[in-house]
Amino acid sequence: MSAPATPRAIAWSRRGATLAESWRVYRRDRGGLVGLALLVVIVALAVLAPVLTDGSGLNVTRVDAAPLQPPSASHWLGTDESGRSVLLLTWWGARMSLVIGLAAAALSVVIGTVVGVLAAHFGGWTSTLLMRFTDFFLVLPALVLAIALSTVLTRGLGTIVLAIGVTSWPQTARLVRAQTLTVETRPYIERAKALGGGHRHVIGKHVLPAVLPLVFATTTLTVASAIIAESTLSFLGLGDPSRVSWGAMLKSAMDTGAVTAGAWWYLLPPGLGIAIVVLSFTLCGRALETVFNPRLRGVGA
Amino acid sequence: MGRKIVALLAASLMVALVPAVATATAAPAAAQQDGDQGATLRVGLQQEFDSLNPFLGFSLASTQVFKLIYPTLTTYAAEDFGVVPDLATEWKHSRDELTWTFTIRRGVKWSDGEPVTAHDVAYTFNRMMTDPAAATANGNYVDNFAAVTAPDDRTVVIRTEKPQATMLSLAIPIVPEHVWSKIDDVADFANQRMPIVGSGPFVATEYRPQQSLTLKTDEDFWRGPAKIDELRFVNFENSDAAVQALRKGEIDVVRKLTPTQFDALAGASNIERVEGQGRRFFEVILNPGATNSAGTPIGTGHPALRDVRVRRAIDRAINREVLVERVLGGYGQLGGGYLPPIFADYHWTPPPRLKRPFDIPAANRALDAAGYLRGPDGTRRTPEGEPLNFEFVLHGDEPVDARVGEYLKGWLSRLGINVTLQPVSDNQVNERTTAGDFDMVISGWSANPDPDYVLRLQTCSARPTPGGGGLPDSFLCDRRYDDLYARQLAEFDHDKRVELVKQAQRRFHTQATGLILFYPNSLEAYRSDRFGDFTTQPADDGVITGQQSYWGYYQAEPTSKAIAGTGGTDYGTVALVLGVVIVLGGGVTGLVALRRRATAGDRE
Amino acid sequence: MTQVSEAPERVRPRGERSLRLARLVGAKIGGGLVSLFLVAVLGFLLFRVLPGDPARAMTRGAPVSAEQLAALRHRFGLDQPLWKQFLDFLVNLLHGDLGVSYTYSRPVAELIAERFWPTVLLTGTSTVIAVLLGLWMGTRAAWRHGGTFDRLSSSVALSLWSVPTFWLGLILLMALGVGVGPLPGLFPVSGMSAPDVPPGLLPRVLDTAHHLVLPCVTMVAVVYAQYLMVMRSSLLEEMGEDYLTTARAKGLREDLVRRRHAVPNALLPTVTLIFLHLGLVVAGAITVETVFSWPGLGLLTYEALRGPDLPLLQGTFIVLAGSVIVMNILADLLYHVLDPRVRGS
């Protein structure tokens, strides 16, 4: 830390310090901590599912438990209409829901960041056009558009990710644009521009690093809404019924008449799973926002 | 300022609500005219009426209603699907079996008082033969007709191009000429002006789209009026909702229950369950190398499936007992012959010699022997080296399809065959089937008492034309099958025809292009406190709704409770619940407001 | 959010101001029209890139000959070049013609008109309740910032916000509609009216209200959280402003400060955001109507997914997206008319 070696090292140590400071602020948010802890546990369980459980229990031809049985010693959360353990399904369903949520959020944030940065950096006609476009999509009911997209495209994982990603980026775009505008007024960027730094240099070296923390916070929030969107699309029958996800489980529960049969053990776990994961992401996202947006910090907490 | 905005918002929304309540609450004038107490039979439907125009509608919901409000020449007996007179009292055919003469019943009237004559029949058939729009729903019946005439009010003469064995099963609703001759464009006519002029046990009197259709008993029906006063079809979006309505006594009959719901209704008070044999078969088609009507290969079928040995081996890897037990909850019958067992005389079961029982090792041996050996990754390959990766196309909206797909995928993986499930929309299933773009696809048809329609699906002439028309099923196109099909169509001796139909099914089975997995039973339930036994069709293990005639509804026996009054919602309770909610809500708000004031005071 | 944080306008002479307002209204309406046009373009293109033949889809699997298919294509103009199809589509759209539904063989516009008011009833009632509830709780939470009420209401709101609408609906349906254990079902589970309702206005209104309870509660539960959070944070922001300190310094009582100054100013951005997020209400309507079979536009959209019934889906898409856009223009105008800073003193 002491000896000023290369500029790179300085940058790194400065980043390390910022990170430590951010973590200190983050730690103060109790909700954020709870959310983070829950997420770590859930993600670990999801990743380790093939190690900790026997995946063959998902193969309908390999199970022989009675269908739609209430919770018992052998099946803690009961069984589904094919006699598979609801616990196992919920466990494995977490993988698919998380993957779809993360992929869709990533796509959405990439689109949003590109549009936002470009609109702010270039200004003029580009900006007007891009922001008109963004405003249009912001107002457009996202679910309606996602429904239309997933009806039109072939069913599958890619379609769901695309339908959610393509419809949920405008918020990010606006946020990133606002942040970029503030960043670009800073002296060092003015200086970089004056020194003849090209657009690519300015955006890549200065604007993006400054905007990324905020983007990270937004991503966390977007994952939450993407997971809800996935379950909603699956529920409407636009998902891929051959993959186990929480939304697909709820759809099967509906289709078999679990509501009439009072099979609460089939309806509750996937729904609670969604609620917990979404809540965790939301808590983390809000805490991160406080960290990266000092203005909020002053008023909140 | 903020308060004003909120008030403005609230006010504008309230104004917007008024018409909603008004439309929702507009009392149906027609239904409530006469005050006399009579029984209403309320049937829950999970399907919409696609059209009330009998030339257009072909959803089951609509065709049911057509059977109740329009006459047909003949109909099917409740006991055994035997052909019995309806509008036609008798019939005969010429020696060459090309000319049919029907005698029309005397004294039958349309609901507007005009007599029903042979001219109405001739008009209906001729309209279908000349106006393509009118041929939408039932055009296949008149494809082979050369001319239909009415020499007098009581006689209809039909001449056909070729002998046609289905002349006594023309399920075509006859419409009144004096009404329909004024309709220029059938395709654009919704036929929703109530009451609909028809002639049958009931008259349609009130239609609330996507909500309900009400029919009144026709007191002048020639068989005598029905015992119920009114018949109402109530639309439900899902079967869960319909089941709840049945439990609460808001409707009297529900159909198309899932096995889970059927089980859940066991032992429910005042509810009787009816398990009837279904008319439907459920099959998996293995693409045998699709060709169009010109004989040109089409589509993307896997070359391995052109080998009948592979198709038979796949069949041996399917455990039908497990499918019936798990997917249908035991409410179905094991698949065998092409035609379902409800049509007992035509139904054929493979004899032991031809059976292909579930046996995965045997299937594996058969594939080994045929030269489809496993590669290093465990996947089998054709002798030419192409891996056996199959695309399995399913109806994305059908839960049963997805479940069957899961099972087949699991079993075939033990044969070294990879199956990719492809759930797509119904339109795409139809389109890909017609184009031959599949390796495996799920299909299924509701058979009629006369087997001709479904048998035809497997003939060469059912293949798509190069332009894309036609509706193929399994692309069987087999010379021997076609020969048997043609002979049964021209055979007028019932026993001989049955024999030919069975031989055709046998040929279909040995070729294994379509594997019949099961015949789902039809699951229904009704309020036994409001209705006595229903007439089912057929008498043994039959169904109440979805009959091939009107018996179930027409012969419904209301109990004294049903005749006395409604079994619907109790409005006292409704008012009470609402009142409690309002009082509680008000109370809580008041309390909170008071507390707030108090604490505000403390703080100052 | 840029609308919210626009710099306050300086007071200008009256004539200039009304001219400015007129220009602003013109610009907003113009922008709205462009958006509506884009919705039409999107609606057209989305359903034209679909793989497959619309003519075949129209036949719903009925056996048809190649000639019949060609006739269908000709009849619906599918044999025309794309730009010509689009022009026809636009002209028809302006005449209120949205094509004919495959499933119902009826004009789409007619179907949508039938389903429009039930959706307004459901979304309207629940939005009003959710807005009032959210604003009231948000105000309270912000005012006693960090207190028990604040923490409790915020966590409840966040939890409900994290729950998928349809799942909450299903659970409510099972608990209060079907009944659990000895508890009977208290509310109807589907539709807008019972099959047998005695004649007369009162029973019918009661019946509709009875059917409205569960769908309405579901929508309110999921939507109010957002209003609560928005109101809470904008009020918190407002409370940091200087003029409040001034007001307090003038000796105004605390609740007067709140009612007269802070709340009205915090309301403006909140109301704008409410309208900006109307899309969420529409999304809620689709799932809630599906769960409770409420015969509105959302259910119609869901029904159109089967098949799919493309003209119907296209129609509901255009109408839903269009009405959200129209509502936003109205809100925008309302905002500019009502904003004290814009109006001048």
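The chains carry the letters A, B and C, assigned in the order they are written, with residues numbered from 1 in each.
Note that contacts are C-beta pairs under 8 Å (C-beta built on N, C-alpha and C of every residue); 3 or more make two chains touch, one makes a residue touch a chain.
In this text, all values refer to a predicted model and were calculated from it rather than measured experimentally.
Trainee: Tell me which chain's centre, taken as the mean of its C-alpha atoms, is farthest from chain B.
Mentor: The chain lying farthest from chain B is A.
Trainee: State the pair with the higher C-beta contact count; candidates are A-B and A-C.
Mentor: A-C
Trainee: Measure off the straight-line distance from the CA centroid of chain B to the CA centroid of chain C, and report it in whole Å.
Mentor: Those two chain centres are 36 Å apart.
Trainee: Chain A to chain B: how many Å between their CA centres?
Mentor: For chain A versus chain B, the centre distance works out to 43 Å.
Trainee: Determine the centre-to-centre distance between chain A and chain C, using the mean Cα coordinates as centres, and give it in whole Å.
Mentor: 24
Trainee: Pull out every residue in chain C that's touching 2 or more other chains.
Mentor: Those would be 51, 178, 290, 302, 305-306, 308.
Trainee: Note the residues in chain B that touch 2 or more other chains, in rising order.
Mentor: 238, 240, 244, 397, 425
Trainee: Residues of chain A that touch two or more other chains: which are they?
Mentor: 151, 154, 237, 254, 259-260, 262
Trainee: Which bits of chain B are touching chain A when the two form their complex?
Mentor: So the residues of chain B touching chain A come out as 238-240, 243-244, 257-261, 263-264, 319, 322, 326, 329, 396-397, 399, 402-403, 405-407, 409-411, 421-425.
Trainee: Mind listing the chain A positions that touch chain C in their complex?
Mentor: Touching chain C from chain A are residues 31, 132, 135-136, 138-145, 147-149, 151-152, 154, 174, 178, 224, 228, 231-232, 235-238, 247, 250, 254, 259-260, 262, 264, 267-268, 270-271, 274-276, 278-279, 282-283, 298-300.
Trainee: What residues of chain C sit close enough to touch chain B in their complex?
Mentor: 51-53, 56-57, 60-71, 103-106, 111, 114-115, 117-118, 120-121, 124-125, 127-128, 131-132, 135, 140, 177-178, 185-201, 203-210, 213, 253-255, 263-268, 271, 290, 293, 295, 299, 302-303, 305-308, 334, 338, 340
Trainee: For the complex, which residues does chain A have touching chain B?
Mentor: 59-62, 67-68, 81-83, 151, 154-155, 237, 240-242, 252, 254-263
Trainee: Report the residues of chain B in contact with chain C in the complex, numbered from low to high.
Mentor: Contact set of chain B toward chain C: 1-6, 8-10, 13-14, 16-17, 19-21, 23-25, 27, 32, 40, 42, 48, 50-51, 53, 56-58, 132, 136-137, 140, 187, 190, 209-212, 232, 234, 236-238, 240-242, 244-245, 247-248, 250-251, 397, 425-428, 430-431, 434, 465-471, 566-569, 571, 574-575, 577-578, 581, 596, 600, 603-604.
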